């Protein structure tokens, strides 16, 4: 177990260094931040001065070694745009996104499990087809479009919720529901299809034959057996959202989270901030994967690491 | 010769591995017998592709030319004042016909998606075939690279590419390709591994067939259907990714248009002109839905393991 | 065991094959399966050597090694005096023409997307020996040779019966007129009713085309019917080798005796004292020193646990790897 965790952490380090070096090299070889930061009529002297100030006049390998050295000390430098430590900017945005994504996953689970279970108990019925199709449609709709549709109906037409902003529950509902759609669709589908197999599995039939109540068969046996599949897909969705995939929805609702920060970073060509974001996201993704693996072992005793 | 001849024995149909019957468009459509929805999905996809390909001949208006007197008209079946085809999907803030823009937008969205998936498919499949067939250290290195790249935060890396290269259609394709090839490599490799030690490959080696002959003549044709499944599903994935990037303003740039960009541009008029975002979104959703239905059908139809008992 | 003879078609010298047992993150091999361990033998032109042993004893591995479908760990295989592991590209292609394999389950060796004609004709095509209508004629001839109707050419393999499938496999294997054929349990996957036919066909083909066989089987009765010589294998090692009739009169290894004792007798009134082997086949992963059969051998002495018995010639042409002076009693001839 410990050996496995250490191996995973080593892999994480490889990933973080790999992606950081890749992004650093492409941004510094292809991009020209000085040109992007100064107005078009800037003189060559001004450009040279800014390049010197940012340390961009040094050879690329020297910049890279300095960057990696600083990265080990978790120092990503100062944001060019906000003149504040990059890491502190990124870390300050994470909780805001975490709240949004967390609530959306609770909503997704509350919707998806009953949908999947009901559909699985009546396979190939009309209800099953409606629920399965609904979950598939949920996966296929672009989330930023769902966001705009919800704004159109519940904020513009009905005025129940705010169109954008952050702070109260009325701000939170629409973005959370929007983000819940895709994971709810994924989870409902996986619950429906893995449960349909498990409900007729020998062990479930045996349990029923022994007189075990259906609710107990469902919760203690069947659900426990499909949890690894649910975790896989849920973990992937969670990692995606925290990695900035929620950006479009955050932008639509003006939610000042990590996704919005990423969009601003790209618009303003803030290289150090981008490096810090990539670092934090890589850490988060690897942490989620690790937690998912631990939960696998909990739900499936055959899995040992 | 032996006394009893084998030719008298009756053929017994044997269960087991999936059998490929001779090709033919009729046989292909006969397979839809048990899944009409997949057939409908395929037909809708054909229609969407056809409209996108023939947009210049089908679109009633020039997608880039607006009529200032016809700005932000809601969907209607009435002919506009100056005559011509009704704006059935309305007009946008510059008086351009939304229907025509959707037709041309689909062209761009599908071109980007097909280009990205095409490159990823060829590159990933070749890599996966090599990795899976030869195994050993080649395989180990390639798969470690795939592992590492797969752990990258995809959207962030794509955005980083766009940030330095500048937003454009070509750069979007580059950014999405960098993030997209791994799934094809994984799939091809895992499929090759199931066949590499098979008697079929051994038999091909025994008669002296060369390695490319084995890989492209026997292995590839036998694993093509799972690869096509991934191709179809990834197509949907990349359409969504293009829409996402364009919506944020980091993908397709005006005056060109794509479905995602149309939603992004129409966003500020959401309160007054609902049709600007609604119709392109429905097109994305419909295309993705049909791709998923068709892709799932391909998977079930050609993979005996996932077929319902 | 190896007769120095110009007529030797296949000579195997000290052949060894280890399969690594993978463990750990980077897949470093910590232990090895000794599938084939220091095996030597030779087959003269026109002979049929039967290779018998329990499943998992390495006989299939030997079959793959002598055709170079697997790479050896050490040792040598000579075919017509040339080491097959050192062939250049051209020689390798020539070797593939001259040495062929018949599969246990022919059906699994077919590319199911191809029809029977393509499957049988593929070797001819690969070696550029025929094309077009000539190819069709050759395939038709081949199908007739194995007792099938040429019309089957357009059929797909899954429509055939198990016997027909095996015959198609044999047609494919003999398409190149090989001199040497490894038949790997060619009848054990078949229904009992068609086994005799396939065996007959193998024998007829051998006489007609003057082929040399390495016939691999777990069933010593089948081997006896076809083979001129028999080699008995146990856990990767040869334990006894003799001419077929000699072996059925006289055995010097307790394992061979046990194998023969396991064969059921047709006459229900003829009872004989049956010695059934006790215990399981030990794991071939890093086997213990000494004779590998020793844990299951009732005649084992101390020396068997310490030293590995070499293969020695007990009587002319009869080789045995056993320290005990064992004489198989029953006459099975």
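Miscellaneous remarks
As written, the chains take the letters A, B and C, and residue 1 is the first residue of each chain.
Basically, a residue touches a chain if its C-beta (ideal position, glycine included) is under 8 Å from a C-beta of that chain, and two chains touch if they have at least 3 such contacts.
Remember, predicted model here, so these are calculated numbers, not experimental data.
Taken as a contact graph, with one node per protein chain and an edge wherever two chains touch, the assembly forms an open path, each chain linked only to its neighbours along a line.
Centrality by Cα centroid goes to chain B. Distance between chain centres (mean CA atoms), chain A to chain B: 23 Å. The mean-CA centres of chain B and chain C are about 49 angstrom from one another, to the nearest whole unit. The mean-CA centres of chain A and chain C are about 57 angstrom from one another, to the nearest whole unit. Interface residues of chain C facing chain B in the complex, by the touch rule stated above, are 26-27, 64, 67, 69, 92-93, 96-97, 100-101, 103, 105, 107-113, 122-123, 126-127, 146-149, 155-156, 158-164, 167, 172-173, 175-176, 194, 197, 200-201, 204. Residue ranges on chain B touching chain C, taken from their complex, read 1-7, 9-14, 16-21, 140, 198-200, 202-209, 213, 218, 221-222.
By the touch criterion stated above, chain B contacts chain A in their complex at residues 147-149, 151-157, 159-165, 236, 240, 243-244, 247-250, 260, 263, 267, 270-271, 274, 277-278, 280-281, 284-285, 288-289, 292-293. Within the complex formed with chain B, the residues of chain A that make contact are 11, 14-15, 18-19, 22-23, 26-27, 30-31, 136-137, 139-142, 144-145, 148-149, 151-152, 156, 240, 243-245, 247-248, 251-252, 262-263, 265-267, 269, 274, 277-278, 281-282, 285-286, 289.
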